[in-house]
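Sharing a structure here in structure tokens format.
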Amino acid sequence: MKKSLLAMVAALSLGLGGGAQAADTVKIGLMAPLTGSWASEGQGMKKIVELLAEQQNAKGGVLGKPIEVIVEDDGGDPRTASLAAQRLTTKGVAAVVGTYGSSVTEASQAIYDEAGIPQIANGSTAIRLTEKGYQKFFRTAPRDDEQGRMAAQTIEKLGFKKVAILHDSTSYAKGLADEANALLKKKGVEVVFFDALTPKESDYTAILTKLKGANPDVVLFTGYYPEAGLLLKQKKGMNWNVPFIGGDATNNADLVKIAGKAAEGFYFLSPPQPQDLDTPDAKAFLADYQKKYNELPPSIWAVLAGDGFRVAVAGIEGAKSADGAKSAGYLHKDLKNFPGLSGSIAFDAKGDREGEVYRLYKVDADGNFVMQKK
Amino acid sequence: MNRLTLSVVALVVAVLPFAPLFLNTYQVDVLNSIGLYALLALSLNLILGEAGLFDMGHAAFYAMGAYTAAILNTHYQIPILWTLPLSGLAAGAFALLVARPVIHLRGDYLMIVTIGVGEIVRIALVNDVFGITGGANGIFGISRPKLFGWVIRRPEEFFYLIWGFVALTIFLFLRLKQSRFGRALNYLREDEVAAEGSGIDTDAYKLAAFGLGAAWAGMAGTLFAAKMTIISPESFSFWESVMLFMIVILGGAGSVLGVLLAAFLVIGLPELFRELAGARMLVFGLVMMVMMVVRPQGLWPAQTPRISLAALTGARKP
Amino acid sequence: MLLEVEDLHVRYGNVEALHGINLQVRQGEIVTILGANGAGKTTTLHAISGLLRPAQGEIRFESRPIHKLPAHRLVGMGIAQAPEGRRIFGTLTVRENLDLGAFTRTDQVQVAETLQWIYQLFPVLAQRREQLAGTLSGGEQQMLAIGRALMARPRVLLLDEPSLGLAPLLVKTIFQTLWEINEAGVTIVLVEQNARAALKLAHRGYVMEVGRIVLEDRADALLANPEVRNAYLGGQAAGE
Amino acid sequence: MPASGISPISPIHSASPLVEEFLQQLTNGLAVGGIYALIALGYTMVYGVLKLINFAHGDLFTYGAYLGLTLLTSLALTDRLGFALGVLVLVLMVMGLVAVLGAILERAAYRPLRESPRLSAVVSALGASIFLQNTLMLIYGARFQVYPDDILPTATLNVLGLYVPLMRVLIVLASVGMMVALYLFIQKTRIGAAIRAAAIDQGAARLMGIDVNRVILLVFLLGPALGGVAGLMVGLYYGQVNFTMGWVYGMKAFTAAILGGIGNIPGAMVGGLLLGVIEALGAAYVSIAWKDAIAFVVLILILIVRPTGLLGERVADKI
Amino acid sequence: METLVADGMSPARVPTEGMSLLVLRDLTKRFGGLTAVNAVSFAVEEGSVVGLIGPNGAGKTTVFNLITGHYRPDHGQILFDDRPLAGLRTHRIIARGIARTFQNIRLFQRLTAIENVLAGCHYRMRSGIVGGMLRLPAQRREEREALDRALQELEFVGLQSQAAVLAKNLAYGDQRRLEIARALATQPRLLILDEPAGGMNEQETEALIGLIAQIRARGVTILLIEHDMRLVMRACEKLVVLEYGGKIAEGTPDQIRRDPRVIEAYLGAGDDD
């Protein structure tokens, strides 16, 4: 037994090997939560990026070489993410796409930066990620403050006077809730309730009962779609007809599956939905995706990872080099009006995406997400 | 220890210091991760393995240390390594405080209480208790450690910091194991009533085990904070406590070398299975089950007897 | 021959505890097994009642080999044991303990009769039938353990140290009752440290030493045997 | 800044909104607690006989939810048999399948460790939990699975101003019914007595003619069956299931079992219902975000006063 | 010596050369509705061997547990060396000079014999966490001394050759003796033995009687519970008899043997084995 243990340890140390090989391909890393709580997002990201790489390779790859996508699982957890990042840095990747979750992204930022690899995050909206001066960090996702601003505007515009704000204590949802709270107060809208639910539970009637007691005109929920779906459904079960507004994390087709008819009338803010991507390019790609995987991408975040991939390729192509500093420099300065799946893309000096991305959606009686006019 | 294992241990000890020379940064970082978990598991081993107290909330003490270090560093600009003793003290004191009223609970009741303490700490951190933990965002901008003017930044550098601390821990804990204190923990693990009846203040020793184990976990937390430069509550979830628990039992409760070996496996295996992508945790769970079934006493159970016959005959000569 | 043990070997891991035991028990007998602690007496009983699987050898009950059967099958065949340390179900009532003794029996009418018989043998159990067994005194618990074993209406009753930890008066009572039980037709195999009392009660006895039978004889002969007196009866008894 | 001086809580139709809210929260808590209790029974039964905390029990609950979904959609039971009969058949099928899964788990992960240190089996259970969870993810994918939402009647009872969905009442009644049936089975039947005997002393139970292996098997059929039904009920009522839900519910149910006194069947019921109520009231009157912390604080306080839970035996160490 | 018949009153000082090392006065303990020990008073003289006997359930072990602090008395006093013990935790009582063995053997089963005995040396040692980690000279000296003392105790009970054997692997009689060695290692003035001959055959009991005499020769006072009348009659100079939690007799073995109440309640009539 001892011997077999030793053999295992030996195998372990060998298995961790497999360093960089000769560069006859251009490697692009994808860091995504393939396991853990956000595995569904991660797997969507992987599908999109792999399909895009396939298409790009069919067009001849980049710099005349085929693209190889190297996927690492970050498990949706910062510690695993830092290992995944270290591993990608040893594989000679020219750029990294990902990941979903701000704190997970944050755990990997310094590692890529020190290794000189550009990182294009997709589902990471925390403000501070781009406030640290990393020159090779970009994101295709908008920032929380933009969404907060949008949320406050929308509430004001729809004429609600008493708002209840509910988040789920995650870094993202809390940040958005705080942002909206401050802006609403400034606008003179009364915030009658501010608290957090515990995600991953099934029964939120206790919370809804308390919310109802505060008697708001509207509820702003900044958390994720599974909880949003349940809140809507259970709210309806209580015969309570208050309107709900959700943040961009509620933008997921499963929301309607969970909430059923109760989803009708639900507002949410989001970058455009995959199916609302109106460019012919995006439409064609989604058709290909549907053909290959027999489903639509799980959410806009996976699409933003796809944009991240395209941007990474554009950077390499534009700089005519797989060198990180050069391609990052190109992305900062020279990339303008890049046709992404989610619309046109350009980055500011911090690496944030320029332009307003958010739209207001409303769920109609058939459960469709209908984009509202600006 | 037989000759084969002795020579393998000697080989590992001889080779490990040179590991960064022939491993890439990722592999070194995996070793760093293993080292951190080895530290944590060794500290849990004092409580769970030596004293037999079911602690499934060890991440709370780890968090206590990491946050103490991070707050002292970011708010008061105390160099991160200087906070090492302070975060140890903070975690130890916290453990004494929370363990005091529940120290009489037995077995699984103590287990759920420690789980509860772990969750309460995590929830408190998420809700930004006292306004200093940064809530779900955690604390960022922790400065890099400096040792004699040398800024520790790269995984290769952390390797020596972490494994140096692991080596020191092993050295001290092995000695402690064979001391009056270490024996007292074993007595109360084996039979609390008999231990008390032999003149041992069992409550005091249970608390001491919690305090010392927590203090060590707190110091490991400091190293973690220094390495990550950002800490957030999700790094101290129930799952972390569960992993540490598994490491100690899988290694063989009370066995320092077993715990080390298990840290290699529990932290290393998921990395080894990276190629399996989505299935890697499935295989990991299966391997855990199988290893336990094949080696119910742990991979490398504690050695008995620990007082050698040579020591016995030596003692007889005045 | 009711019960025969032939060349019985039992191992615990790598250690052999019994090195070839032979013993016979006839219908209606009381047979006692004597020996120092660790001689293998309890191991022998556990092998007979199926709690341990022999490494080698055979155990036959009414000429049928039983050593491959699990413990729970043997109870129904007529072998019951009152184990060392009583092992009563402390958080169940006296009555529930007794009912469990008859777990394998389906003849409800006769079970009720057996219960009456046991209440007659041990009237204190009848008084305390609704009490939790764990609250009984040591002597009462021993009575319950014996009564519970008898509820299976065994052909042979295996008793492991029934006098352990009991006051002298109680020891006398218990041994008196064992005699009554035997009179009622139950064969008894008795393992006892109290060799004197055991030999006075038994018809025959075996003496075990480190996993072997070293002596076998009629009980009164063993009682008179100087070696036995020396080894197990403490030379001359105090008070004689 | 609110310009008006109107209280945020406006008077509703009932005379006393505070009392009404309290009662509403109480019913909310009981409904959740009923589910906790049903899962807690599985923990407590296995613990009673094997002194093992079956950390994979929560995952068996998840399997109940997933199997229920698959059977429901693939066999179209409610379409073919009508609602009541369809659900009944579904319940029985899920119970059976999850029970078999429980038995396999016992055989593979726990039986080989029966003579080993207790904590080894705990680690094996944790391994099994990880394995089961990730197997489910690979089979069904990581996305949330959703029950068809047109299956259950959505009637809502309005009792004294409280809105109580009919299904909630049914769920609580079904939980309590199953618990009472289990309790009677354990207390009043011969097999139940065998389970209790094996829980106290396996060796002595074997000497009574009880086949302890079969008792353990039975416990690993009954506990998971109830856990599986709980999963099915959660799926049917809440509509969404995901592969990690067993971890959350399992931990809650384990807490409930300890709260009531682990190993004690009425304790699991009381513990489950109480935990549900504590959570609801904690969320309502202290803080939603601190709800779980409040529940644990209450648990710890109760254990300080009663170290073996509410109904647990107080085992004085016999000296 | 005179017989003190129980009357619930405190015992008169028995005029012997020794002082009363242990005095129980009016000791009462109730569990729920049950009075396990009811106003029991007796004294144990320094240097003597006293037996506590009585039917099962008479409260003998409860008396022991009251003395060693496992239970708190509801009423009454326990004086050891003229100082009250009430309220002290067990390990403090051990430190005062009382050691005990248990009715059901309670050894540290997975530790070696020598480690078991070292437990008894524990409270006289000083070194703590830091000392243990650093292994300072003072601590090493202390360890050596403790080991030496532990070995002496093992030798005293005749187990020196078994020092490195795990307790669970010792024969039953050896386990009983190891428990006594562990108790002796605390260097007690009073040793309390709970059914030391339980499960022993007569020959082993003989050896135990010899060991008790040896312990006594070291100047250790002994209080024991035992059902084996041969041992009790030969080893003890005074017996205290309990029934239903109350004291029914006290006196020399000869007096007790003839006491009709004791015969009725405990010994039984007829032949004397």
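Per-chain residue numbering starts at 1, and chain names A, B, C, D and E are given in the order in which the chains are listed.
Keep in mind that, in the parts below, a residue touches a chain if its C-beta (ideal position, glycine included) is under 8 Å from a C-beta of that chain, and two chains touch if they have at least 3 such contacts.
Given the structure is predicted, the values throughout are model-derived calculations rather than measurements.
Touching chain A and chain D together: B. Each step here moves to a touching chain, and the least such steps from chain A to chain C number 2. Ranking B-D and C-E by contacting C-beta pairs places B-D first.
Summarising the inter-chain layout, the chain whose CA centre lies farthest from the centre of chain C is A. The centroid of the Cα atoms in chain B and the matching centroid in chain E are 42 Å apart. Chain B and chain C, compared by their mean Cα positions, are separated by 51 Å.
Computed centre separation for the pair chain D/chain E is 49 angstrom, with centres defined by C-alpha atoms.
Chain E has its Cα centroid 72 Å from the Cα centroid of chain A.
Of all residues in chain A, those that touch two or more other chains are 35, 39, 43, 169, 196.
Multi-chain contact residues of chain B (touching two or more other chains): 126-127, 193, 278, 281. Of all residues in chain C, none touches 2 or more other chains.
Touching chain C in their complex are the following residues of chain E: 53-57, 103, 171-173, 195, 198-206, 227, 229-230, 233-234, 265-268, 270, 272-273. Residue ranges of chain E in contact with chain B, taken from their complex: 68, 70, 89-91, 94-95, 99-100, 102, 106-112, 114-115, 118-120, 122-123, 125, 127-129, 131-135, 139, 142-144, 146-148, 151, 163-164, 166, 182-183, 186.
Of all residues in chain C, those touching chain D in their complex are 49-51, 70-76, 80-81, 83, 87-92, 96, 99-101, 103-104, 148-149, 152.
If you check the complex, the residues on chain C that touch chain E are 34-38, 136-140, 161, 164-173, 193, 195-197, 230-235, 237-240. Residues of chain D that touch chain A in their complex: 1-3, 8-10, 17, 21, 24-25, 28-29, 31-32, 134, 137, 141-144, 146, 149-150, 154, 156, 163, 165, 234, 238-240, 242, 244-245, 248-249, 279-280, 283-284, 287-289, 291-292.
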